[in-house]
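Heads up, the next two complexes both have chain A, just with different partners, chain B and then chain C.
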Partner chain A sequence: MSAKRSARVREATLGYALILPALLLVTVFVLYPFFRNFSLFLYHAPPYPGLPSKWAGLSQMWETVSSTSFQQGLEATLLYTVLVVPIGVLLGLVFAVAAHQKLKGMAIYRTIFATTAVSSVAVAAVVFGTFMNPVFGLLPWLGIDPNPSVLQNPTWAMFAMAVIGLWQFVGLSFILFSAGLQSLPEEVLEAAKIDGAGAVRSFFQITVPLLSPTIFYVFTVGTIAAMFTFGQMDLLVGPGGASFVRVNTLAYQIYQYAVTTPNPGVAACISIALFILTATITFLNFRFLERRVNYAT
Partner chain B sequence: MATVAFRNIDKQFGSNVVLHDLNLDVHDGEFLVLLGPSGCGKTTALRMVAGLETPSSGEILIGDQVVNDVAPRHRDVAMVFQSYALYPHLSVGRNIEFPLRQQDLSADERKRKINEAAEMLGLSDLLDRKPRQLSGGQRQRVALARAIVRDPLCFLMDEPLSNLDATLRTQTRADIVRLQQRLGTTTLFVTHDQVEAMTMGHRIAVLHEGSLQQVGTPTELYEDPANAFVASFVGNPGMSLLAATASNGSIAVEGTATAWSGPVSEGSITIGVRPDGVAIRSSGIPAVCVGLEVLGAEVHVLADVGTSRLVISQPAHAPRPKLGDPIEVELLTQPLIFDATTGARQS
Partner chain C sequence: MFKNRSIKTLASLAVLASSVGVVASVSNGAASAATSSNCATSDLSKVTSPVHITYWESTAGDNLKAMKALVAAYNASQHKVVVTDVNQTGGYTDTWNAYTLSGGSGANVFMDDMNNTQAHVDSRLTTPIADCVSAAKFSTKTYLQKTIVQQTIGGKLQAMPYSASVPVLYYNQQAFTAAGIKKPPTTIDEMAADAHLLTVKGATFSPQKYSDGMSLKNDPWWLELWSAMGKTYYVDHQNGRAGRATSVSFDNARNVSLLTKLQNMVKSSDAKSYSRDGAGLAAYNNLFAISGDKSGMTIDTSAALGTIQSYLPLFKNVTLGVAPLPRLLASDNGGLQPGGNALSLSSKNSALENAAAFNFISYLESATNLASWDASTGYVPITTDAAKAKAISTLWKKKPYYKVAYDQINTGGASNATVGPALGDYYQVNTDVANSLNSLLTNTSVNPATAISQAAATANGHISSYNSSL
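Now for the complex of A and B:
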């Protein structure tokens, strides 16, 4: 009896010891900041560091979310998400299905696609920044003189951001769909062929429903990632840019209030608002999309 | 309905030769069983008829049309996979309907056909269920219903019974035979189980390591096997193969002359004996009892004769040797004689 118990204690100790490193990381980088936010948003940041913070209660939150810049940030965030996610899911799926064919040289093609997902946003920004350069970019090369340049154009800047985001997201979406396709039961697809279904019907009536758990997953993960994007906005437009207000997403605003012109109270307010927004959208995803997902077995 | 034919079919995967010069005709309306041990190329042969695999050389014919370049969906064959391959997201009714949706049928017509097929297979009450809510036997019947519903040129069945338990397998075996008789559709049925083959097929084609060994009715295969492999594979259990020597027209096993003689080429040979063609006697060929299988009315005595394994069938009430006992056996019938190296039948 006691031998059994001491074995259990030993096992439990080992278990906790094994998760300790991960637990520490999560605590320092996820849990602590998360809860710290909730105390930050209740205080006005002091005008100079070192002075005491002033209690604000919920008033700072209301001021922040009703400000024009927050409204613009919200619009920018949602526009970016709507531009990137559905197209990214669709393209990733189409490319993954194309790459799933057993053709020669497909491994290279797959690798090329997958690399966009693992290249950093800085790399993407440099590549696309070059393409979008008003002097030696793509448009001048085509004989079109963009004025103002795409990145400085309030109408087009966000589309440019979305193109960069898409380029990266399609890679991820492609990888996830490729994995999903690998795990589809081969014989079911063969049965569809024999049963007379052509490629298109097979795709929509068999492949898509069987992939629906993956589609849902990519959609949800993509949405969350899109709502936290600000890398290319910072690198290619920045606060000085003419199109700045159009690309100033909520995540970018958090970054500015936390790092560039510190105001932790406001940063905390925006991040809580963004958190609630993302959580709500994710919840709605689960509520309305997941119901249409077929879990095969 | 149609005939199916393999003409000089070769199939390689890389350097691995899976089928070699296969020539086989399946007659119109026939139930032909493709029988062979695991890995001999049965599934590959079947998949070539379906169009899921292309021959390396040779021709596949359905009716009198060469179908090598015809896409699977235009071949009008129906296949039952070993895994059943039901559409997991569709209800039973929708699964059965799937092949019909490709045809120009009215909704009423489709419904009529679904109900007919479902009725034939006892699935009428299950039409709204999803495949995961079915037992193995029910899934198997859905796969059959999906195959018969569109009245194809031929059925291709790849070990459809192998996932069922023994009782259900026997019952479904009879169901499939009855169904095929009623529909009269040409059927190519793959199995590695010789009992299944013997009880179901009009004719059986035995495949071994990618080569066709023999085609014939169950009786022909049993009574007149073309070579040592067919002799040992067909029957339950199959023939025992013993190393023997022939000289002056008489046959000796382990140095002991048998009572049988006849025209036979001199030298090393292999003889085949059925379990009921041999018995334990007080004197004869020396052997050692290495196993006993009690089957009820009869008992199989397993014995080693030199390096060969012999199965002797005897009634349950006969005295049994114990494990390790030296015994002596005598041939009761004329054995079949095979070439010692090639296994080809000599007489």
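Now for the complex of A and C:
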């Protein structure tokens, strides 16, 4: 073996050794569970380990996706996504542009907006849950005392969930747009200014096109994250009321069938259906939105 | 990149689903083959080095402090057994799920909801505690018989009852006096009439001071309790105790009448409904409605009594009153089924570990220790010996309302009808009933008979699916 070949082997060995821990983690916690779904959905799995599974074939999948609860979950998931993502992208962009000024104290302003992204859903749920509390919350303090309360009302509960999701998503969106704005070529903006373009025209004709890769990224990532939301539903409404107030998203149903009232076969069916749905929406995003993205910065 | 993200996120969720199926398996014959040889009590007295056992419990706050103190006292009191107490945050459901995911090897002894015992039997992950009761010649004679009948499934005592509670009527004596109400209601009709008085006819307060009259918590447990009070079954096969439950029995005229009365209270604005769930303090909204002078009474678990008592000095506008849960019919005499928790043994234990775990349980359930636990937490003593202990008799003398829950459990005799259902898919059925209650009490145009029939149909589907999966 030549010295050159031996060095290459050593280098490759070192490379594989370095990625091995990450590869193991991904295999154990991502790949294996993902593929395990595809065997679980074919069986009526027992609620407890050690009991035998019974073959169900594709019938379990059909029964699951044709059930009323799945259809309600699908509606809730899509409604939540529609309520949170477009507004979150828009607000994040507006706040990021507003914060992209060389003014004193702007760092504090940026920090305030960014903190919502790093707050856990539990914190957000407790804060907003307190605001919306029908006894000692902000609403009764303002003299608004709806009966049933916001979180018990099928008309308003999803909007309440969306407000919490929006509050968190705007922080992430703000951070990403702020980073995108800092990478924009200053000379293009200055040239537009010299050519007489006003702030609004500059924003729509230069900033937005140049930021379009970031907008596309935020929109796509936000959509995927919204499709998997269930934290605030579980913390503020719970499984006992989620389907009644129409916030029983598909992700929350997976959690319930996997953890609260174990039925792993059904959980796997919903997981696969949600995966296909998310993959389809992501594909459509790429197919139709990416055309409008301008990568030439 | 995006596809990878979605795969990753989905796969993370899938871990939950798949892990149920891949954790260690359990011997199918363990529970059925159990005999007193499963519990080597005589061997325990001969050990020269201590037997180490793990105890999972899900207490919180002051209850956790009391539990830690009891475990420490047990470890200090003898040298044969060392107990490691592991507090499982998240409550009974999370503890039970963690236990099943461990394949029964996570804990030697664990605390779980008294109502979940059928699931223990179905899982084959627990050993009937009757084996140790018999091997140790432990007497259950002084136990409140409802707790023993409740934990007996298939003719064997499956888990050791430990902390008991029942719902009681909490009311503000100041509000009642102001509204001219002389004594707490004993029936639902009286409760509805009093709620109305609180909203409109104050003797010393202006109309509408107690705008909600009564704060009603939408808890599906209530339906079980009112069924037990009337000695009617919640599920078939005598509440699942003469055979496996295959369908619910709560879809009947009695319960339609019950729910109609509750809904009418909301409809006439004499009561406001509150969710039983919610982050932070939201689960106590029905109680805060009393301290905030919105309502004059509510129904909640007696286990909240200790906490209520500790916060009471903050609210000068409230003088606590506690009364038995009002009956649907004046003739109802079934009393109440106990709720709370019981202690179970793992089917993975060796005979020596079972003996060690039972030794620990016996310590927790001695009259003195039970009394100390109950006095510091507000739970109901589950033995007559504990009820006679100084800590409890002093407490009852000083604060007689602590005895209300005890008397309710002691009323009505222990039978399959008065101890609640033995139902493997208990939590799912509970959720189905909660949905029905939510729809009834937040949308007064919903017909109670339709809502209860829908709850029954959904629950029957879930029971059937659960039974066929075993």
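Note that the second predicted complex is superposed on the first by the 288 of 297 C-alpha atoms of A that agree within 3 Å, B and C clash if a C-alpha of one lies under 4 Å from a C-alpha of the other, contacts with A are read in each partner's own complex, and residues count from 1 in each chain.
In this text, contacts are C-beta pairs under 8 Å (C-beta built on N, C-alpha and C of every residue); 3 or more make two chains touch, one makes a residue touch a chain.
In this text, all values refer to a predicted model and were calculated from it rather than measured experimentally.
Overlaying the two complexes via chain A leaves chain B and chain C side by side, clear of any clash. Once the two complexes are overlaid on the shared chain, A:148 sits against chain C while remaining clear of chain B.
Using the contact criterion defined above for the overlaid structures, shared-chain residue A:122 touches chain C, although it does not reach chain B.
Of the two partner chains placed around the shared chain by superposition, chain C is the only one that A:134 touches, whereas chain B remains out of contact.
Chain centres taken from Cα atoms put the angle at chain A, between chain B and chain C, at 150 degrees to the nearest 10. Contact with chain C, but none with chain B, is seen for A:50 once the two complexes are overlaid on the shared chain. Judged by the touch definition given at the top, the superposed model places A:258 against chain C, while chain B stays out of reach.
Put simply, more of the residues of chain A are touched by C, taking chain B and chain C as the two choices.
In the composite built from the two structures, the nearest CA pair linking chain B and chain C is 24 Å apart. Touching of chain A by both chain B and chain C, each in its own complex, is seen for no residue at all. Touching chain B in their complex are the following residues of chain A: 185, 187-188, 190-198, 201, 205-206, 209-210, 212, 294, 296-297.
By the touch criterion stated above, chain B contacts chain A in their complex at residues 50-52, 71-73, 75, 77-79, 81, 83, 85-89, 98-99, 102-103, 132, 146, 150.
Partner chain C is touched in their complex by these residues of chain A: 29-34, 36-37, 40, 44-51, 53-54, 122, 125-126, 129-130, 133-136, 147-149, 151-154, 220-221, 224-225, 228, 235-241, 243-245, 251, 254-255, 257-264, 267-268, 271, 274-275, 278-279, 282, 285-286. On the chain C side of its complex with chain A, the touching residues are 2-3, 5-28, 93, 97, 100-101, 103, 119, 122-125, 218, 220, 269, 272-282, 285, 288-289, 292, 294, 424-425, 427-428, 430-431, 434-435, 438-439, 441-443, 462, 465-466, 468-470.
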